[in-house]
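Naming follows writing order (A, B and C), and every chain is counted from residue 1.
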Amino acid sequence: MERPLRLISSNPVDRLARTIEALLVVATTPLPVEELAEAADDATERVETALGLLADRFREGRSGIVLEQVAGGYAFRASREAAAACGRLFERPVERGLSQAALETLAAVAYLGPCTRPEIARVRGVGVDGVVAGLVERGLVAEAGRDEAAGAVRYRTTPLFERVFGLESLSELPRLDNLGADAEEIRGRLEAVAAQRPA
Amino acid sequence: MERPLRLISSNPVDRLARTIEALLVVATTPLPVEELAEAADDATERVETALGLLADRFREGRSGIVLEQVAGGYAFRASREAAAACGRLFERPVERGLSQAALETLAAVAYLGPCTRPEIARVRGVGVDGVVAGLVERGLVAEAGRDEAAGAVRYRTTPLFERVFGLESLSELPRLDNLGADAEEIRGRLEAVAAQRPA
Amino acid sequence: MSVRELELDLDAFEGPFDLLLTLVLKAELEPGEIDVAAIVVAFVERLQARGELDLDACGEFLVLVASLLELKARALFPDEEELDLGDLGPEEAAEELARRLAEYRRLKEGALWLAERLEAHADRYFRIGPSPLAPRPERRLAKQDPGQLACALRALAAEPPAVSLTHMELRFPPVSQFLERFRALLRRRSRFDFEASVDGLSRVETAVAFLALLELVRSREATVTQAAPFAVIHVDRAQENADLDGRETSWSARSA
């Protein structure tokens, strides 16, 4: 095992890989390739090559530290194998005990894009002030300026939201049934019921 | 290289070492041996053996991630080799401006005098806990005693705030034409408007 | 056949229909949570199993399910500024209602997907916060114009445009308030029009008033008639010796 490692370490890409390891182990948020390249003072393509090496070295089953691509960048996390041990030591303050109301509100903010509390309330049908405040406190949504017309604060999901839900980006959210199809389905069911009614 | 790795991974101490890697990469503080043993559900001596393996694997010159023993226990840090890259990562570019939430909060504290978070929240119409914490971290506002009635901490602007905004003192703040005769009147008016605003 | 004992097995509720209505009346169950289509399917299946058409049961069912649907629609779309369904023809109103309900269902699907995702990622732990031995980043801020501060405060002092505040009033007035009002009305008069009695009230209040009305019907203090869909709802004081022949329904509904 020592021999091939020494051979590789004379390779500058391996040195770059070590630099990236160092950056990722101290970073607080996932780092995009461009940011890694800037900090490492190296070319983006070479950073990508090094990340390929690291993805293999830090993969599930081989290492307790796992490299993942999430929230628009790269980050280290614990291996799934160690989840029980992590569960004994760490709380999950961000995602623990998210209510149905909180999940619906998160879905509204994620799908509607930056939106105000009245806008979310309109879709959910109930007031959402407390729910939104809770999500802000958890760090899953954040303020994103004010709505120009009404002056209400707009909210957006945060990179932490993407990280907690394991999304590379918001574009990974599944497309939900389009409205037209759903309305058609309801209409169809009503017609089926009507057809059973004797004239 | 693959062969010896497979041999090692069949060794339970290596599995324990992977668990410890995982715990250390998630931790925000150094972890003492006892805490690691408890989380890994294993004996202290075996954890020490595993830490020995890891100290060799994550050492200067061999890895960008370095295992360090400090006063409070064990933690990962970036290798010295990568110090320059880490410096570039943490050396933030000068920020051009503040968020709307930060500006509104600063304006409230600057114009209305020392105030508590609930007071600022009433003026803005939304919670400000995270915003105030961010401004404290940046050194733009600081604690200024407690409001005796409510028991809440009051915040004031700092000398750094005055430097950043190019003010000799708070008396140089631009005039707020016809918003109110004094801070109390302005505060009352802002609270009334915030209460009307759609969330 | 008793409509109220119709057993339901929905996502949000399991039990007889009348318990579901009671929970909605007591605001212990959000109307938005109820899958009305599933209730209709359950009723139709029950009807088919019996093999005969019970007109009284159908009438009662339609009134109850329509009120539930209306309540759900109002709970989901409380904004007074929104398109008034009452101004639309039945065809358009049905379409609008289906569209809005579909929008809410889409949101529920999104929430469900997020919940599943969270479950699937429950064994991924990562660090939240700075690394213990990382350097503390220093945030530096460029020179700022103090005019921004005055500007921010002036914007906060600007009166918002007159927009709907109904989302802030989404607290249900107590059903009992309307029960008392209707009972008082019925003591003075033997008949009144529901619409006239709720004239000028918000949609939410109207919906609660409607629930109070249903409660009066269920407690056999009043009977309700409506000549046609969207026509005026007449509320009549119940006869002292009402026809209590053991059937669950002592009132007729011709809105079907």
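Heads up, the rule we're going with is that contacts are C-beta pairs under 8 Å (C-beta built on N, C-alpha and C of every residue); 3 or more make two chains touch, one makes a residue touch a chain.
Computed from a predicted model, the values in this text were never measured in an experiment.
Of all chains, C has its CA centroid at the greatest distance from the CA centroid of subunit A. The central chain here, found by comparing per-chain C-alpha centres with the mean of all protein C-alpha atoms, is A. Distance from the subunit B centre to the subunit C centre is 43 Å, each centre being the mean of its Cα atoms. Subunit A and subunit B have CA centres that are 20 Å apart. Per-chain CA centroids place subunit A at a distance of 33 Å from subunit C.
For subunit C, residues that reach two or more other chains under the stated contact definition are 125-131, 133-135, 158, 160, 163-164, 167-168. For subunit A, the set of residues touching two or more other chains reads 25-27, 76-78, 82, 86, 90, 117-118, 121, 146, 150-151.
Touching subunit A in their complex are the following residues of subunit B: 1, 4-5, 8-9, 17-23, 25-27, 31, 35, 38-41, 62-65, 76-79, 81-82, 84-86, 88-90, 99-101, 125-127, 129-131, 197-199. In the complex of the two chains, the subunit B residues touching subunit C come out as 22, 25-30, 68, 70, 75-78, 86-87, 90-92, 94-98, 100, 103-104, 106-108, 110-111, 123-124, 137-138, 140, 164-167, 172-176, 179, 186, 189-190, 193-194, 196-199.
Every residue of subunit C that touches subunit B in the complex is listed here, in rising order: 125-150, 152-154, 156-160, 163-165, 167-168. Subunit C meets subunit A in the complex at residues 30, 32, 37, 40-41, 44, 48, 53, 75-79, 82, 94-95, 98-99, 101-115, 117-118, 120-131, 133-135, 155, 158, 160-161, 163-164, 167-168, 170.
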